[in-house]
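Next come two complexes built around chain A: one with chain B, the other with chain C.
== the complex of A and B ==
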């Protein structure tokens, strides 16, 4: 056992244990840790935003390089704060409208292309021509899953007969998807705990 | 009843803790099978010419460091072995310190020189706009590196203007950022995109790999362990997999026991009043 001599590691370890103490019950150690996390995060984020956005993206181009185009951006940005003054709050709608319009303009066409058209193309391949038995089965299951899940969400006709059977396969497919997603979530959460134990046993206590 | 529920929770907490601590202290050495999604990323980097420029976007924050740091570390090792020119950046403010630390640590281990082999571009707000503008000109988004030095003064940036000159874009993320990189950098500009994602997010990436919008992806600690296996450099990924496996077995056993217990209590409560084992017929 070789405990770390670094006070930063000790502080992190004590705060980690304070976080774990919530498993016992809410207590002052946990409260201190929680408030420190919120305070430090807020300070850190404020500095990052101020340096990366205000300084590098506004002050440098506008004041240092004299690019007056950025004055318009600064005015639009300042207009957001008009919300703080009820009589002038309507001014804040202009930068929001600009942002929504620009965002919709660049995201709608590319979202349809990337998340609908491309995915449909992959579903339309000939799954019988895939080279191996496993690939053929995978292709068929993919095709069956996509079609039946889409039919499950088709609400313009009663789910009876062929549509009822297909929607049942669809819901089974959805359940398998949710199960896989839950399994991955468990794996993810356990990994976070492993990371903390690796830190406590390795970096802090020197057991690993 | 409340005492029994508290006791059950305590048993589960201790069980999970021990199933992690014991394998960490006494490794078992389970082997890791490499999936095609991870192998495709490895093969792509292997096939890249020497000195290829690579963008690494560290789009994660301390909450998911345990999952994403090991894979970023393994891929940096591989890229530095291939003498790739690594440009680190982040689209999340909380990622600045993590990215900077990891880049410095791996560059120092591989004797890589700042400005020649690697750079840290820092954080840029509005991720999607940044992804799009980098397709036109990287220097428009990052006129300087994190420390204020103009980008065109670095030797490694010669001949690098936009995605056309970038060998690979790698995104590490615990959010939907990888899909956005595929959507904007790949679909619009044709950049090759690889992803390192948390296990929660990985399940959503299979369609993008199948459609060719992503070269491949590493999912969770398992993905990191697979990559470490491929580059033959064991790290936190492989070390954590024993604990992951044992804790999963414990959780599966608990789920089975919980379901059996629930079924038994339902069966008892239905059967108790009249001795019947099924609901009466109306």
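== the complex of A and C ==
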């Protein structure tokens, strides 16, 4: 056993153990770790955004490059702070409304492209001409899965009869997919846990 | 290409490269090494390379070709006829290193795409030692190096250009004893207002908007519209009532994404309905936020909801608060709050990432009734295993309509359903036609 002489390693190890102590119950060690994490991250992101947003995306284009379009952005940004003044807090709704509308306008086409059109592209294939029996079955199951899952998310009709049977196949398809995703993600989390133990037993205590 | 740029001089060779003017935007060069060309090159061995800029026709080429250095001990007649032979040879030969520079299609500008025949397919493959790509900012501008190329490279996207400015690109090769410019091309970047590769999306948005307007019109005219039962949403009333009976607060977590996320927008709409129900029962509602803009929107939504039910006094600014932007800092803080405040009901609706299980499992250990929902297929399994009710994907989008039953929103839900039916029909048609050997229909979506 050769414990690390680095105080940074010791601090990280103690905070890691404080985080793990939450598995037992809420306790003062976890509270210290939690408050440190929240405080340090809040300070870190404040500095990071002050630099990346205020300086790089506002000060440089507006003041250094003289692009006056950014003055409008600055005004919109300042209007958010109107929330601090109750009588003028209504002003903050304008930048928020602009942000929500721009966000929706930006994300809807990309969502349709990524989740609708792409799905249609990969489904509309001749699955009978895939070269092997397994590929044909796989293609058919993909088509069946897409159709039945879409029918499951049909809200305008009661799920009875044919629609009910199809939607049941759809939810089973979803659950099979979720099961596979669950297993895959748990494995990746186990990897993270192993990484922490390697840090504790290796970097900190020197067992490894 | 202007006369001021020519002739090109090889850095490692005293002999100049002979330029020949053309009219196009692509170019080629033949480095003559064998056959009749090698013979002529032997005669003019001080001349290291021939550059032919553009697709100039043979007469154009003949008119502009020039030799700048001619050995003095050669026969005069011979010297006058050889350039013509060289020109004839080059004009009849297929270009080996053609290069094009075009504005990158379907982008926001600031990008030029270069393409050329990979040198690995040409006679230069074995003799070139270093291949470089250079750019001049406009005619006569400073020449800068962009990249060192491999012989197999055939394209390069220059994303560091200004729109509407002319750039000249050159591929330069270093041979064991000389350097030559193998190809040049000119290009200009521009912004495209319409992405032709997204035409299917445009059509989908237009069709969906049409359906939306149609069903909204009918919903407002009083037409009854049916929505099937969604178990998770039926439980909202029960969950709020439970918190009221237990005298404990409700915690609403709107995900950790920003307001440009569809799931967050859906979550905020559900928050309005939950706030109304909580306000009706006089139950405290807590909303910890990771994103400051989402927090501002959530504050406005909750305040507005309380106003609508006539209970503005219930609004507590400090109950809708900012925690931190750090993903796991947020998860740790909210987990701690769950253990200390012991909310009777947790809503986890919106976009979640790796913190989903931490939050839902902590809520589970406190005994809270939990209603979760997200469109993140990677996180749904964790919610399904640790929450009482889970809204899967589009159920999250339908939730606010289901809870409010507002005609405008009902129309949008109906439009979504009919859009899905249309997509289903198109997909089925595409599959059938593909099986029947008519793939053109499916290709229209690519």
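By our rule, the second predicted complex is superposed on the first by the 193 of 208 C-alpha atoms of A that agree within 3 Å, B and C clash if a C-alpha of one lies under 4 Å from a C-alpha of the other, contacts with A are read in each partner's own complex, and residues count from 1 in each chain.
Keep this in mind: contacts are C-beta pairs under 8 Å (C-beta built on N, C-alpha and C of every residue); 3 or more make two chains touch, one makes a residue touch a chain.
Computed from a predicted model, the values in this text were never measured in an experiment.
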Touching partner for A:23 - first (chain B), second (chain C), both, neither: first
Chain B versus chain C as contact partner of A:159, first or second or both or neither: second
Chain B versus chain C as contact partner of A:132, first or second or both or neither: neither
Partner chain in contact with A:150 - chain B first, chain C second, else both or neither: second
Touched partner set for A:56, first chain B, second chain C, both or neither: first
Partner chain(s) touched by A:201 [first = chain B, second = chain C, both, neither]: first
Of chain B and chain C, the chain that contacts the larger number of chain A residues: C
Partner chain in contact with A:116 - chain B first, chain C second, else both or neither: second
First, second, both or neither for A:191, with chain B first and chain C second: first
Residues of chain A contacting chain B in one complex and chain C in the other: 41, 44-45, 103, 106-107, 111, 113, 121, 177, 181, 185
Footprint of chain B on chain A - complex, ascending: 23, 41, 44-45, 48-49, 52-53, 56-57, 60, 103, 106-107, 110-111, 113-115, 118-119, 121-122, 142, 177, 180-181, 184-188, 190-198, 201, 207-208
Touch list for chain A against partner chain C, complex: 19, 22, 25-26, 30-31, 33-34, 37-38, 40-42, 44-45, 80, 83, 92-93, 96, 99-100, 102-104, 106-109, 111-113, 116-117, 120-121, 123-129, 143, 146-147, 150-151, 153-159, 174-175, 177-179, 181-182, 185, 189
Of chain B, residues touching chain A in the complex: 13, 16-17, 20-21, 24-25, 63-67, 93-94, 96, 122-125, 128-129, 132, 143-144, 179, 182-184, 187-188, 198-200, 202-203, 207, 210-211, 213, 219-222, 236, 239-240, 243-244, 247-248, 251
Touching residues on chain C, where the partner in the complex is chain A: 198, 200-201, 204-205, 225-228, 230, 258-262, 265, 293, 296-297, 299-300, 323-326, 328-330, 332-333, 335-336, 339-340, 354, 357, 377-378, 380-382, 384-385, 392-395, 398, 413-414, 416-418, 420-421, 423-424, 426-428, 430-431, 434-435, 437, 439, 441-442, 445-446
